[in-house]
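Once you've had a glance at the structure underneath, I'll fire off some questions.
Per-chain residue numbering starts at 1, and chain names A, B, C and D are given in the order in which the chains are listed.
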Amino acid sequence: MNSTILSMGIKLLVPLFVIFSLFLLFRGHNAPGGGFVGGLVFSIAFSLYTLNYGVKRTKEKYKIRPLKLIAWGLLMAVLSGLIPLFAGESFLTGLWHDEITIPVLGKPGTPILFDIGVYLLVAGTILSLIFTLWEE
Amino acid sequence: MLTTILIGFLLAVLLPWLYKFFKANTGRFLAVFPAAAFVWFATKHNQIAAGGIVKEAYNWMPGLGVSLDFKLDGLSLLFAFLISGIGAIVLLYAGTYMKAYEKTDRFFVALMIFMASMLGLVLSDNIISLFVFWELTSFSSYFLIGFSHEKEESRGAALKALLITAGGGLALLAGLILLGIGGETNTISELLMRGDQIADSGFLHVAMMLIIVGCFTKSAQFPFHFWLPAAMAAPTPVSAYLHSATMVKAGIYLLARMSPLFNGTGNWNTTLLVVGGITMLMGASTAVIQSDLKKILAYTTVSALGLLTMLLGIGTEIAIQAAVVFILAHALYKGALFLLAGIIDHQTGTRNIRKLGKLFKKMPYTGTAVIIASLSMAGIPPLFGFISKELIYASTIDMVINSPLTTSAFFIAGVLITAAAGILSYKVFFGKRNKLESQPTEAPFSLVAGPLLMAVIAVTLGISSRFISPLLNQASLAVMPENIELQLSLWHGINTELIMSMATIFIGYLTFLFIYLNPKFIASIKVSDKIKTSSVYDRTISTVVEISKRVTIIIQNGNLRIYVFVLIAVFSLLSLWVLKDFSVPSISILWSDFRIYDIVIGLIMIAACFYAVMAKSRLLAIALLGVVGYGVAFIFIMFGAPDLAITQILIETITVVIFVLVLWKLPKFLIFTESFIKFRYFMISIVFGGLMTWIVMIVTQYPLESHLKAYFAENSYLLAKGKNVVNVILVDFRSLDTLGEMVVLGIAAIGIYALVKFNKTGKKEEL
Amino acid sequence: MENHILIVLLIPLLSGIFSLFAWGRKQLQQYIFLVGTFLLIVAAGFLLNSVLIHEVIVLQSAGWEAPFGISLVADLLSSIMVLLAAIIGIAVAIYSFSEVDEHRIQFGFYPLMNFLVFSVCGAFLTGDVFNLYVWFEMMLISSFVLMVLGNGKSQVEATIKYVTINIVASTFFLAGIGILYGLTGTLNMADLAVRLQSVPNSSLLDLAAIFFFIAFGVKAAVFPLFNWLPASYHTPPIAVSSFFAGLLTKVGVYAFIRFFTMIFNHESAFIDNLLLYTAAATMFFGVLGAAAQMDFRKILSFHIISQIGYMIMGLAIGTKLALTGAIFYIIHHIIVKSNLFLIAGIVKKSSGSFNLKKIGGVYGKYPFLAILFIISAFSLAGFPPLSGFWAKLIVIKAGLESGDSFLVIVALVVGFLTLYSMTKIWNEAFWKKVPEEYMEESQTKSVPLSSIKPMIIPVVMLAGITLFIGLFGESVLNLAMMTAEQLLNPEIYIHAVLGNDS
Amino acid sequence: MEDILPFLIGCLYAGGIYLIFHRSFVKLIIGLIILGYASNLFLFTISRITRDAPPLIPDDATQLTETFADPLPQALILTAIVIGFGLQAFAIVLIKVGFKTLKTDDLDKTTSTDRLDN
């Protein structure tokens, strides 16, 4: 598998996949996609990289700590749920900023933050699976 | 009264510290408690003897009708005197006697718990609190019998006593609760007046029989009696106190207490009479062939308990009076005799009467006390035992039916007990020779004083019985409210009772002589194991254990497939039972509207599933699994669930990848041959699948109006700002589910990491 | 007020997340778990207090009115269960400091425990059937990992059984949710209770009930679905078994009570009989298993089953008193059973084995431990005046009142056998001397009790609670009665969740 | 298809459970996964199905009108799939570890934890 073309291809693919996964994440609210699918695509990119270069190099190069991703993902989701409390709303209530609409990303709101949490967690989970099992 | 009981429990709790302080004097210190209680009860004597009662009431669990109601009447006071009086003597005695043992603090803890509970039992006026104290006496008895717990025998005896009494306790509990339900109160004094109401509820007889069972186990009635002789494994003070004077009388107490309610109804009288009679005769006849002093006493105690039960069963005025009087007489002489047996054991090192003899000169005080107590036991005037025996005969003679039979039963038992008394006193103290290795000396005063005092009381009460008459009269009124007044005296003139008493003594003497002169013959008598209820007990216990082992091996067989099989079978049977009300949906609608690729996909999936079942290669099976998974995704696409389809495809891919990563180094499938078992599994699988199909069809034939669906369609964009409704539900409407799902995934990741990497080499790895 | 519910859930969740961040740092994780469970007790206490004042508290998560979002509901039953979970949580936390080894901690023991507590609390508080499924799955996955953590041979074997049966049961749960949704188009428990009234054919309800009977029956370990429990509960460390023994099966019982008092409360002879026979068989076969065993933990495991039977018995009889008994039983049993497992662990440490044949003499050596055991064991056997007695008394009284004498007889016989197997432990482990042939083994494998003193603290705490409930049980009884009252009047719950228009 | 689905579900349930009844660990796990599919489809079908009408609000609309698939069961199934994936992945690795520690692939040989000790 160590052919240079493939290696080059994968190196190029990783950022592409990451961007695509982010795209899936943010469009999820209005079209098929979302944090879960985005996270999966994200992790597929690094899985490919791992298949080619091994776990150690992947971890070193991209400073990926799956466990941290999991923890941050969860924390992010919880925080997105806590934010509405300061606005006097219930836990996890979706708060939206109505005036601003960012292109591609849509309106910023806590559900988006929540979805990012999902994204991080799924990415972390799948990567941890791949890392753990690949090293075996 | 509550204070008294609580002090008792408090002393038990504090004992470890008290023991450190008082050490060997703990017993003497503790004796202050029952002595003080005795004095307190004595101050109430005149009031009670005049027909008054003392009541106390405290809430405990009012929601359940459980309260700490205490009521002191004649019967309770009689028992309270016995418990506190004999308790004080026993504690003094134990203070010296237990010096030979280790860890006596534990002994005293149990003894104090017992004393307090026993007081609570006889003072309670609430069925539930009575039961609480009742069980506590069983509980403390368990620890006292098992005091020498390193001996197998002690442990077995303790367990026997506990299982029998607590088992009976469960029956008693049910009986008491039924009474409470029937009488709509838990207060005993109220219940006793609501006989008609309880009878109307239909619970009276069931409750009665259950209570009788409870009382019989506690008071060692046939066929439950065998735990009592076994309980002689306990240190002697315990035998004297619990297993002759007080605890075993708890059953008698409760029978007496409930008499106003049950006497004359149903099988009460017959049951008590018959069981009591058997117990009495069996106990008396077994007693005379024993060689162990404590066993002799134990069986005479069984006999006495049988006699008491009989008297309550006879249930006439005189019988009740006789019972009350005999409770006192028996407690005095039997308690004393046990303590004295302990002294003999303590001083000579044996309790085997075959080895004992000629002790009087060496142990004059002990001897005197034994003789007095034995004479009381034999019913020889002017001792208190004589008065009680007179009354017993009087009660049988005026029975309406079965008088001759009952009278002769009493007579035979009386004869045997007299003989036993002879063995205890004459054989041990004046017998021809002893076979002791060492020369015994008289026991210290602290040991002899107590039993001697009890012997003296037996004499005093015999001569001046009128002091005790008012109290006993009140006690008998408590058992039978309309009873005639009790008048005790030694001399009633020459009448049938007197003649019978004399005859009993005379023939008892002859019997004693026979036993005394033919020790070899007596020793050769063996009771067959087959008729011993103790061996029935042993067999029952081992059978229960054996059955439970067999059942457990079948049920908990360790075979995962069978567990799943049972689960599916239970589900299928239950569903079939419910589904029998539904018709099978007609198949014709099947062909109404379908597209050709539906069928193709369906068939592919079914085929893939089928070959996955049959596959002999692991990789093939996994690949086929993938086919099924993608098929599912395809169905999602067809029915408007693109998100599901994407997820399904991605997940399916990852699952297959994981499978391959994990499994590819494993050896090939083992081929297991098991076709005949497989048929069972095959059938249940088909049934299960069929049921699920049927259920889907049944449920979907009804129309569904989901207001949730409508709400989401309406508000998903307007309120939740999202056009992909599924995603909006996931991150907004039902974001909590998603949060949970995230945690599940995270844990799964940790779990897989831990599973694969776990090692004990201490090598740290960062996840 | 609603936020009391939120706080109860946030504490274990955040503890879990924080201990993920503290991965591998033993002391910090221990500290987080201890503080977390302590705060949880406080929060649960506040929650219970507000529920006592306001009857039913509802938190509409994400701010959507019921039944469109997910309602978190705290009624008396839920808040009592949460409080109990917190109590067992802190007991296990303290215990785990001495018991759980370095390696398990390295591989995530504490985060998993936190998430387990989280899932249990969530399961008690949710008012939505699908959300309950999610909590159940979270509970399952964390218990799977905790059970296998350490990779011991018996652990792996036990976990395979545990996983398989529980996953199969989960499919029934999911299918059951499908049927409920297919019949009513709603998932909110309160809404379901209302809408199920108008289901065209009440046999459909019986049908749906079977699915939940299987799903919860497996979790609660009722006959004949209990096999996974005795196969597995004796394999992980005691801190884990103890938490499992006290709480996990009770989540199943909780779900039983919730579903069969509120959702399936239509008149159904089928369900009534099903519960009655299940209760009897569960009591009976559970205790038979206990009578057969000679391993400390296996005896205790089988006793869980038999005692679950008593709780189901309370539910099956269904009168106010019976439900009171079931609630009282749950409270009593969670405390006592967890404690017995903790004691088993200490006995093992101080005597070298769980096998009763190989050990002995604990009473002689450690009388204080013996007293703690006596309190818990005799309470389990229903001896007065300990907590188990009241529990049994109420259930039996309820049974006699409603004329279910068959159940009462079974309950009494089972009570007797329970006493037998508890005294078996006492006889063998505490009274008897260590058999000669195992003397050496016992000495080499045991450590003196003084070296593991912190493990006694939670045992004393739980035994104290048992004793307290026994001696001053009135408050617990009142609580249980009020809970039963609430369960029998689901309108209060439904009204609180759905608002005025129901 | 609406009419075929119940049969497909039945087949999947039957196949899944029958796989669990095999003695091999690997078939056990495959069976569990197929059971998972079966119950997802069960939930999907029993909440009624609608062809070709995904619950996506068109760009020019603010609400879903006419016929559309019920989004709620979809969301539930999505959650169930993901949760099921977590559990199944764990189970797959578990049988691998089981195979390594128990040295067998045969379920009938894993009866030691249930054994009576006496």
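Throughout what follows, a contact is a pair of C-beta atoms (placed from the backbone, for glycine too) under 8 Å apart; a residue touches a chain by one contact, two chains touch by 3 or more.
Going by UniProt, the chains are A = Na+/H+ antiporter subunit B; B = Putative monovalent cation/H+ antiporter subunit A; C = Na+/H+ antiporter subunit D; D = Na+/H+ antiporter subunit C.
None of the values given here were measured: they were computed from a predicted structure.
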Among the remaining chains, which ones contact both chain A (Na+/H+ antiporter subunit B) and chain D (Na+/H+ antiporter subunit C)? B, C
Could you let me know which interface, C-D or B-C, is made of more C-beta pairs in contact? B-C
Take the average of all CA coordinates in chain B, do the same for chain C (Na+/H+ antiporter subunit D), and state the distance between these two points in whole angstrom. 26
When the C-alpha atoms of chain C (Na+/H+ antiporter subunit D) and chain D (Na+/H+ antiporter subunit C) are each averaged to a single point, how far apart are the two points in Å? 27
Averaging only over C-alpha atoms, locate the centres of chain A (Na+/H+ antiporter subunit B) and chain B and give their separation in whole Å. 63
Between chain B and chain D (Na+/H+ antiporter subunit C), what distance separates the C-alpha centroids? Give it in angstrom. 49
Touching two or more other chains - residues of chain C (Na+/H+ antiporter subunit D): 13, 16, 20, 23, 61-62, 130, 134, 137, 141, 144-145, 148, 151, 160-161, 164, 168, 175, 179, 181-182, 185, 187, 227, 230-231, 292-293
Two or more other chains are touched by the chain A (Na+/H+ antiporter subunit B) residues 30-32, 36, 67, 70-71, 74, 78, 92, 94, 125, 129, 133
What parts of chain D (Na+/H+ antiporter subunit C), by residue number, touch at least two of the other chains? 17, 20, 28, 38, 40, 42, 46-48, 54, 56-57, 72, 76, 78-79, 82-83, 86-87, 89-90, 93-94, 97, 110, 112-114, 116, 118
Topology of the chain contact graph, where touching chains are joined (line, ring, star, complete, other): complete
Residues on chain D (Na+/H+ antiporter subunit C) engaged by chain B in the complex (per definition of touch): 1-24, 26-28, 30, 33-34, 37-38, 40-42, 44-59, 61-65, 68-72, 74-79, 81-83, 85-90, 92-94, 96-97, 99, 105-108, 110-116, 118
In the complex with chain B, residue positions of chain C (Na+/H+ antiporter subunit D) that touch it: 13, 16, 20, 23-24, 61-62, 64, 67-70, 72, 102-103, 106-108, 111-112, 115, 118-119, 122, 130-131, 134-135, 137-138, 141-142, 144-145, 148-151, 160-161, 164-165, 168-169, 172, 175, 179, 181-183, 185-187, 200-201, 203-204, 206-207, 210-211, 213-214, 218, 224-225, 227-228, 230-231, 270, 274, 285, 288-289, 291-293, 302, 363-364, 367, 378, 383-385, 389-390, 393-394, 396-397, 400-401, 408, 412, 415-417, 419-420, 423, 427, 431-433, 473-474, 477-478, 481
Okay, in this complex, where on chain A (Na+/H+ antiporter subunit B) does chain C (Na+/H+ antiporter subunit D) touch? 67-68, 70-71, 74-75, 78, 82, 84-85, 89-94
In the complex with chain A (Na+/H+ antiporter subunit B), residue positions of chain D (Na+/H+ antiporter subunit C) that touch it: 54, 56-57, 78, 82, 86, 89, 93
Per the touch rule above, chain C (Na+/H+ antiporter subunit D) residues touching chain A (Na+/H+ antiporter subunit B) in the complex are 2-3, 6, 10, 13-14, 16-17, 20-21, 23, 59-63
